[in-house]
Structures are given as C-alpha cells and as structure tokens.
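Each structure below appears as structure tokens.
Same chain, two partners: chain A is paired with chain B first, then with chain C.
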Partner chain A sequence: MTANTPPGARDGAEVAAAAATPAGSYLRVVGVSKDFADCRALEQVDLEVGKGEIFALLGASGCGKSTLLRVLAGFETPSEGHVILDGEPLDALPPHRRPVNMMFQSYALFPHMSVEKNIAFGLKQEGLRRAEIAERVVEMLTLVRMGEYARRKPDQLSGGQQQRVALARSLIKRPKLLLLDEPMGALDRKLRAQMQIEVVDILRRLGVTCLMVTHDQDEAMTMAGRIAIMERGRIRQVGAPAEVYEKPSCRYSAEFIGSVNLFEGRVSEQFPDHLLITSRSLPYPIRVGYAALVPDAAQVTLAVRPEKMSLSHSPPAQAHNKLSGVIERIAYFGSHSAYYLRTPSGQTVRGVLLNAQRQSGPRFVAGEQAWMAWEADAVVVLPA
Partner chain B sequence: MSGRGGAALPRLMLWSGLIFLYAPMVILVVYSFNESRLVTVWGGFSTRWYRALVEDQQMMNAAWRSLQIAFFSATAATLLGTLAGIVMARWGRFRGRTLFSGLITAPLVMPDVIIGLSLLLLFVSLSRWIGWPETRGMLTIWIAHVTFCSAYVAVVISSRLRDFDRSLEEAAMDLGADRLRTFLWVTLPLIAPALIAGWLLAFTLSLDDLVIASFVSGPASTTLPMQVFSSVRLGVTPKINALATLLIALVGIAVLLAGWVLHREQQRARVARSASGD
Partner chain C sequence: MKRAPGRERGFAQVARARLRWLVVGPPYLWLLLFFAAPFLIVLKISLAEAQIAMPPFTDLLRWSGEKLSLTLNLANYGFLLSDELYVSAYLNSLRIALNATLLCLLIAYPMAWVIARMPPGRRLVFLMLIILPSWTSFLIRIYAWIGILKNEGLLNEALLALGLIDAPLRILHSEAALYIGIVYAYLPFMLLPLYANLVKLDDRLLEAATDLGAKSHQVFVRVILPLSRSGILAGCMLVFIPAVGEFVIPELLGGAGNLMIGKVLWQEFFNNRDWPVASAVAIVMLLLLMVPIMLLHRYQARELEAR
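So, the complex of A and B:
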C-alpha cells in the first residue's frame, strides 16, 4: 500500500491514480464507461489490481459497482475502454472463454444438480478426463469443508453451506480473476463475520486474485487489502482500509465509511508545517497538522472522526480545535458510547468514547455543558 | 356459540359446489355399469357396455386415431411453442415484439369455429393451387392442432422463463458453457416441468377438440370426439358412458401419478433439510 499519498489532495482521482499502482498490476481496467438506455452506469473507470490481491469495490446501491463486475465477467460490453488481465485484453472474449469466474450474490447454484455436480460443472466444460475432474472436485470439497455433503442438492443446504459450494464452484477452474458479488449478502449477521474470515483464508491460501463488490463497509474492510469507493459510476478513492478511513480524499468517502463530523471553513493562514482555518460555525480556529496543497482563502471542508474527539467539563487549554455545547443525547453501544454535542451555532457534533475509558474518567449526562477537543493531526482537509 | 352455525353456510356452499361439479360425472360412471339399454333407467349391474365398446371397431379406430393425433400434435406443439416462448421471454425488445406476442397468443381467444373455417379454406386453396394436401385427413388435423396448441405451450413456457433466475444461466456461461450447452444443461432441465405441463395441455386440447377437427378432417379420419358426437346424435347408449368412464379413469390416474411424484420430491427435500440440522 502506498503510504506516501498526499493526504487531503484536492482531487480524489489523483489519489486514486497514485494509490492504484502496486508493483506489477495484474488486472487493468482502462477508461471503462458503460451507457445504458437511460443512464451512464460507469464513467471512465480506471483500476489496477495486483496479482493475489483481494480488492473491494465499495459503494451504495446503484453506484455502478455491479456493472463493473459484470463488465469484467463479460456479461456487459463496455461502451468505451478496455479490460486487460495478465497482459491479455479480455474485451473480445465472451463470458465462457474468459479466465474469470464469479460467485453470484444469490450463489446461482444449479438446483437440479448435486453439490459435486455443481462444482464439477466448470471442469466438464473444459472436457477434462473424468478421473481428473473427480480428483479436483474432492480437493475443492475438502478445501471448503463440504466433503460429507457431496451428494446433497443445493436446497438441502443451509445458507453458509451453499456459499461454500458456490465458492468451490467458482474456484475449481483456477481462474486468473475471481469475482465476488456481495459475497455475504445472503447470510445473517453472525454467520457473515465467520464466513468473511473463512473466505479470505481460502483465497489467501490459493493466492487467487479477487475483486469483490459490496455495499457493506465492514465487509470490505475485513476482507480486502485495498478498497475502491465508488459513487455514481466513478471511483472516488482507492486505498488500504486504514488509509481510506484515516485520510478520506473527498466528502463522499469520508461520509461513506464510518461516521464523521464535517465543518465548513476558509483557509486563513498557511505555514510550512500546518494550516489555520476559520469556520463560521466554530468560535475557535482549527489547526491542521500538515500543509495541504490549497490556495489561500480557499473554501474547504474539514473532517474529524468522532473517536478522535475528547470530552471534558472544563475548557481545554489549547487555543484551537475545540468547541463547547450542550450534550443533547448519549447513545450506549456496549463497548462504546456516542455523545451528541449541540453547539451554539446549531451544529450537532458526534464524539465516541470507549466505555472502558469512560469508567475511569469523568461522567457526563445528557443536558449538561461540555467541551470537545481534538488534535491537529486528526483533521482531514477535503475540497469544499 | 356460533362456531358450528357460522361454518355451516360456507360448508353448504362448498358441498353444493362440489356436487355441481362432480355429480354429473358420478352419475355417468354409475350408469356405465347399467344393465339396461336405456341410459336413465337402472337395470342392475353389468359390464356389457364395456364389452360392446371394445367390440365397436369404429369407436376403437377413432380412439386410436385421436390418441395418435394428440401425441404427435402435443410433441410438435411443444417444440414450436417452446421456441416461441423463448423468443417472447428472452429476445428483449426487438422490432415487432408486441405484434409477435399478440399473434402468438391470438389463437387462445379466437373462436374454434373461426380457426377451423380459416384452416379449411387454406387447405382447400392450397390443394387447388399446388395440389397439396391432396385429401384432408389425419395430416391436416395434425397441422391444425399443432397450430393452436403451440399458442398454449408458448404461453406456458414464456411465463415459466420470465420468472426463471437468469443468474443460473449466467453462472453456466461463466463456468465455460456456451449458449447451446447452457440451454441444454441448465435451462432445459429446469423448465422441464413446464415442458411436460405444456405437452399435457396440448395433448388434452388435441384429444378434446371437436370443432376444428370437424372442419379439417376428411372422410376416413373421424376422431374420437367426432365419433362420440355423431353417435350421440343417433341416441345415447350406455356405451358412451363406458367410454367416458375409461377416459376419466385415464386422466385421474395420470393426475394422481404426477401429484405423487411431485409430493415425494418435496418430502425428500424437507426430510434432508431437517436432517442437516438447519
């Protein structure tokens, strides 16, 4: 992961381009657009994925992530652009000739075939010898721990078991690229967490290059090495989960992943190592702990994650990065609590405190006056 | 309490409905075992009319002819109707799609008399212009039956395909099957129940048809419904009752068999699911 990405760069695409070049990119999506009759689903998408990487396309529904997946699988023909996998252009290949396999959201297991027939289907199309097919099916069944269910029909399996079969079926041809469409979408919450780890484990062991699509940020962050955030057919940001979370490049990715406090402001002073920003909604200036590439007096948006906020009864000593207000509401989540502070200007600011940490510190109740403060390094400057 | 009283009216309606539907058939079956020559007078139990039926060569020929026509009509109609159904459900929006669907489904609502008459006119003109078909007979009945049965099959198949999960076909293609193999190995087995249903529907429609067959049949090609109809005009004998009873039995056995197979399939799935502990 490229850690030297300029934080808070003006243009999301710049960051994407800088971050998306791991050594020896294996899958390259070059300027792909897709027009449907009534809308443009993909807009000049560029993407590079390294060999053996698990890469997630993350976005709300209708952002074009599934369309991109279908373009890669060959079910949709891009209106513009190219897809190159391992140096070979895929554009002219129909789905059944591509070295790409997909695990469908609904799993799409053939209901009239047993588990082993489902898994063997791909190899049968290649015309392999029966003995070899049987051997590889057993190998796959062992890998996904479904050996004892080989003769079951898909409708006799639980959701988690069906998913394992679907995974085995999409892996048996040893695809150069594996596509996962909302892999955990059909599972309940508990099973999801378990399968996320299990699937990643299997993919790592086989070293398969994988592109997954999800709208669930937790899923993307636990499973993928890198994430691309998509919005309205464009890629907004690419990076490792921590990078995307800590250094969002635009308002959209800041708000999409986790929750965030946003302040509008104007750059008042620039220094070699920090910036000062004044905001109309805050009485104190905001100090940003790095020099961002922004013109003087530029209108910017500042993002501060709730867990970077500290809470106190008395005013913090620092001259900037603080605000006061009334605690409007406290939401208890077990491991942590969220505090909603309403400032005199009317903005609600969210702070999250771990409950372990709260136990030792001062207690807060709803309705009382309190202060919030944050470090200069916790602020991310985004284009307005 | 009003518990029983409240259920009495619906129950009465249920029974009168069932009686309305099935009493005629029960009477028909009972009178097929009548000794008497008069259909409406009970003269004691006997199977003589079944014997008389088997000995009635004309009736037996008509039945055999009808079964043959029904079998071949259903088969051809299933083939053509499936193709039309696929086009209707899958071809997307091509030029004239609405017109095509309209034309395919029109025979469903067209009166039989019109279909029969127009086909008769067609056959007559054809034989005058190109000398084929020379005479009307089983071939022309077959053509006529395929024509209108295909429409029914097309509707059955296209509605099945419309709620078919497309991702199954995409999965097959993704795994390396071309269009033809995808159709043969995934689509076809999954729409097989609809194919069987369509075939059975076409078979019964053909077996049952009197009007269209009357128009397009020739001198030596009387079908069973035509034979029954003409003999009834001369006076109903209990022989007809016997024939009808046999047909009811045949249809009943087929329906029971299909239901049993279906039920067993479901039962097996349920047992396996509960055994897997989920």
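So, the complex of A and C:
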C-alpha cells in the first residue's frame, strides 16, 4: 500500500464488485501480488475458500505461501489485488482490527504470561467484562483440554500442550478466519499425527474457516478439505487431496505430492476413448485409458504413481504399458517396500508393493531381471 | 600396563576438582584481597577515633598492663546522623542518582529499541558509536563539557548566534549541568543491557499481540515492557549505584548547592583529615546501596524460581 492511496480507496468500484461474492466463497483473494525489494513473492493469486472449510496452502519453502498468509493477517500489504472476507474488503484494515487470528509457527506464546493469561490476551483488548473473559477462557481451556494447566507458564509445557494453548489463544476471539502457519512444524512425528486429528476435530466442531500453510504433504492431506499447491508465488492446482494426488494438473504438482514416475512421449494415435503414446525411453507404447484434449503428435509427460505398478518375473501378457529392467535397489519401509527398476534406456522406475501383498506373491531380490506393468487408467497425461 | 578403571576415574576426579579450583580460585582471591580486606580496613577505621598522628586514627585493640581492650567508637556514625550536612548530602545523592537513572532510562530505551531493530550489520556500527567515546579518558570528556556549557561556551555561543537567547544561559555549575554530565557518562551502561535484552525479543511475539487486537501502545505495555524488565533493572543498577557515589561530575560541573556524598567523602579524607568519619561516610553509603542490590537479587532469584 502506498501511504496516500490505500487500495480500498483507489478503486472502490472494483472492490465493491469483487465484494459481491457468490454464495459459498467466504474468503476471496483476488489477483494478489506482492513485490519485495529483490523478488516477487506472490504473482496474481486468486483463491476462494468456503465458509467452514479447512484449506491448505502447500508448497516448498520460499514458494510464497507464508507471504500470502501474512497478507491475510495484515502484516504484509499486497502490491496489487484485494482480500475480501465475508463480503468485507480487508485491504484497509490494520492487523489488530481484522477479524482474522493466526496461530504462529512455533506458537509465539507470551513467555511472561500464564496459560490462561495468554488465552485471555485477545479478549482483554476488547474491553469485555472480567467475568465474561474468565468464562470464555474456561470454555477454551476445556475445548483444548488444558484446564489443569491454566496457571503454568509456556516453558513448563510440552510441545503438544503449547500448541493447544496457541490454538485456544487464536480461537478465543471467534475469528471469521483462522490462519495456521506450519501448525505441526514444531512437533515430533508421532505427536504430529495425533495433533492433526485433534486440531481438525476442534476446528470442525467450531465450524471455523481455516487457512493453513504447510510444506508437509501428509499434513495437508490429513487436515485439509482442499489443497492449493503453490510454486514460485503462483497457485498451480487447487483440489481435494484425492483429486490433487490422482489427477495432478502439471508436472510440479505431480512431483510435489507423493512420488511419481515420469515418462516423456509423443502422442501417436488418438481414439474416442483412449490415446496411444510412444516414448523413446520405453520399448512398448503407452495406452492412456481416456481421451485427453491434446493435439496430434504433441509432446507430453506421462505420470504413473509407484503404487500403480505391478511387478512380475515373466513378461506381462498386455501389449502396452510395460517395461523391463534390473532391480537396482529395494527399500524396506515396514508397511511397504519400494523397488527401483533400471531400464535399458537408463531410467530408474519406482514401484511400491505393500508388504502384506509381497508375502503372498513372488519374491524379488536386487540384481534380478523383472517386469513392471500398469493399467491404462493409471496414466496421467501432463503438458510437456 | 593396565590400570584398574576405578583408580583411573579417581585420578580424573582429583584432576577435575583441582582444575575447578584453578578456575574459580583467582577471582575469589582477587575479591578477598581487593574487596573484602579493604572493606574490613575501612570498617575498622570507621570505628576508631581520629588523632593527630601517623596513622591518623586510634587502634581498636590495646594492651594495657595485662588487659587486652577493644574500643569500638560509634560516635562517628552518631555524628553523621546529627549533622544536617551529611543527611542532606545522602538524600541529595540518592535524589540526583535516581533522577539521572530515570533520565538515562527514558533516553536509552528508545535508542536501544531502534538499534535492536536494525539489520545486524548496522547494529554493530551504532553500538560502536556508543562505546567509542569511553575509549578516551573519562576526566577529559567531563572537562570537555565545561567548554560546551560555560557562559562563553559552545552552546551559549551557538544559541546567541541563532538569536534564540539574548544573554548566555547559566548552565555550568547548576543542577542541569550535573544531570547532563551524569546522563552523558552513564548512558552506555543503561543502553547496553537494554539492547542485549531487546535484541533477543522475538518479533513474532509482537505480531501475535497485534494479531490478537493490541494497538501499538498496548503491545508495548503488555508485551515489550514486561519482557524487557530484567534489562531495565540491570541498566538502572549499573547507572544508579555509581551515580550515588559520583565525585568527579558534581565537582567539575555541579554547583555549590548540589552537595553529593562523594564530595563529602573526599572533603573528610583530604580537607578535614578525619579518616574515621570519612570511613563511616563510606560504610553508610555502602549500606544504602546494598538495599537496591539486595532487592534486585531477590527479584532475580524469584524470576529463576518461576522458570
């Protein structure tokens, strides 16, 4: 924002038009860009989040997701664009007047205040009656199951307890939008899984609209109803976890979520219900089990998830979608094992077998010759 | 050759214990020789009587005949209480030191805050600018203030030249000059602990407070100020304690009306040559200063306990 012309004042008509949001989009981010001195952190970001939705911004560090969160909280002013929450433009509101609260990364609890004072902080600014503040603090303490720790100081709490306090502190003002910045970042693996469920449970119960930022795909997939994948300041794909995983729209989101085998190829034949693609790195053509809107002879990238690969000693009967190679390495993960097959063309292809499945089927050892095959429906066609 | 493991550990333990004494010993020895011993000597002198002799005070222990007698003369302390001069000098010292400490705090806090918020490279430059003057002699720097503050000094010349005043201001040898001198000399001692404290303050705590609806003055009162309390206390102690006994600044810049206890002490020793009374003055000053130090200690102990 420039000092003399806040965006809200500059183009009021535009904001008013954008503020008339369609039903279902409670938070609207409209064309938000953010320039810093040396880089552009956000590039024309558009986003709509429904009321009561838990939405995750997922991306590697430096992709702009934290900047977007800070724009929503009001700590950063966008260079362009608007943020509209519940029909009200937020652009001109300073952080302390926004109906938005944030749970900070590693919590930022006030070290000199007890648990209950930390939680009460937001209400004390509102000038509520003491009795009402006390009542709502107790309500929050009960909600996050921290009642017996009310008088402790933050440094006398474990990581999970600190997180509960931070959550209670950010919820007590009943914000229209809750922001979570890497909510599980400071917890160890085991506690993380437990807190993910617990936090989602609390948010659902309160019906609060929540936007979270994370670099951890498991966290995003477990907690959020919808995910936006961000890369270099842009949103690459938005969708439900299964949708983003099964139908990545670009190479970046395919590679970012889970692991994936990618093959470069050229469309050789198109049919009403399937495609045939030839790849220089594979000896057999690839059959895609649906029609895709691609021009003839277009260069494409094909993505196949490792768990869609089947492994065998003898060549599969099908004419398409198979390859052979030497098992280079087997990685054991307890519940499943990953097999790395090196093809004659030099590509390493990853296949995953559940270990329950492995017990009944044939056994494979490193150094053996083996075949991998996959279904036509398992292939995702991406732009090259 | 194999050694019994228990024996080996024994050697290591002895060696470590010796090393510990080697590290801890010298400072204790230092304090014993240069703090405890002089203190006891001063205490002893304060309980003696003045006499025109060498040394200029009586012995506490005396052999006469078969008797060893110990004479403790409390008259020096009684004298301090009875004479208006001493009481007012003490009160004056405490008042001036307190005001100067508050002035230092008011000036140093915003400075420390601004420096602590700077990018790390620039912080060092500004800290150096604050520390640099103390590389020159303290006495010379205070003398320099005479040149600035006197009637035909730099300040008055400048104000006259600008037409802001018609006649030179009488600043030198006034209480104002005294405060200028003390604040100038002790500002770094207030600023450095405050800076060390504020630079550690986590920005996200300030953002969290803002996010929860606090306006900037509320963030200051409810988050920044309580979190910087230990820096404030340390800085105040570092200024207040030496300021109470300050001698050079009131002597050079202060007026006749601002009698401070440091000056009284000097006069008792060097003008009156009354060592016992001078020692009593010093002991009482020490006791007066013990009170704030002990309060600070109590506070710090409580702070640690709460952790």
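Just so it is clear, the second predicted complex is superposed on the first by the 361 of 384 C-alpha atoms of A that agree within 3 Å, B and C clash if a C-alpha of one lies under 4 Å from a C-alpha of the other, contacts with A are read in each partner's own complex, and residues count from 1 in each chain.
We adopt the following convention: a residue touches a chain if its C-beta (ideal position, glycine included) is under 8 Å from a C-beta of that chain, and two chains touch if they have at least 3 such contacts.
The model shown is predicted, which means the values in this text are computed figures rather than measured ones.
Peer 1: Quick one: chain B and chain C on chain A, clash or fit?
Peer 2: clash
Peer 1: Scan A:F104 for contacts with chain B and chain C and give back first, second, both or neither.
Peer 2: both
Peer 1: Between chain B and chain C, whom does A:L157 touch in the aligned arrangement: first, second, both, or neither?
Peer 2: first
Peer 1: When the two structures are overlaid on chain A, which partner does A:K173 contact: first (chain B), second (chain C), both, or neither?
Peer 2: In the superposition, A:K173 touches chain B and chain C alike.
Peer 1: For A:E126, decide between first (touching chain B), second (touching chain C), both and neither.
Peer 2: Both partners.
Peer 1: Report for A:R236: first if it touches chain B alone, second if chain C alone, otherwise both or neither.
Peer 2: neither
Peer 1: Of the two partners chain B and chain C, which one touches more residues belonging to chain A?
Peer 2: Counting contacted residues of chain A, the larger count belongs to B.
Peer 1: For chain A, which residues lie in the overlap of the chain B contacts and the chain C contacts?
Peer 2: Comparing the two interfaces on chain A, one with chain B and one with chain C, the shared residues are 73, 75, 94-97, 100-102, 104-106, 108-112, 121-122, 125-126, 153, 155, 169-170, 173.
Peer 1: Which of the residues in chain A end up touching chain C in this complex?
Peer 2: Residues 73, 75, 94-97, 100-102, 104-106, 108-112, 121-122, 125-126, 153, 155, 169-170, 173.
Peer 1: Could you please specify the touching residues of chain C with respect to chain A in the complex?
Peer 2: 202, 204-205, 207-215, 218, 222-223, 226-227, 306-307
Peer 1: Would you mind writing out the residues of chain B in touch with chain A in their complex?
Peer 2: Result: residues 165, 167-168, 170-178, 181, 185-186, 189-190, 269, 272-273, 276, 278 of chain B touch chain A.
Peer 1: Which residues of chain A touch chain B once you look at their complex with the stated criterion?
Peer 2: 73-75, 94-97, 100-102, 104-106, 108-112, 121-122, 125-126, 149, 152-153, 155-158, 161, 169-170, 173
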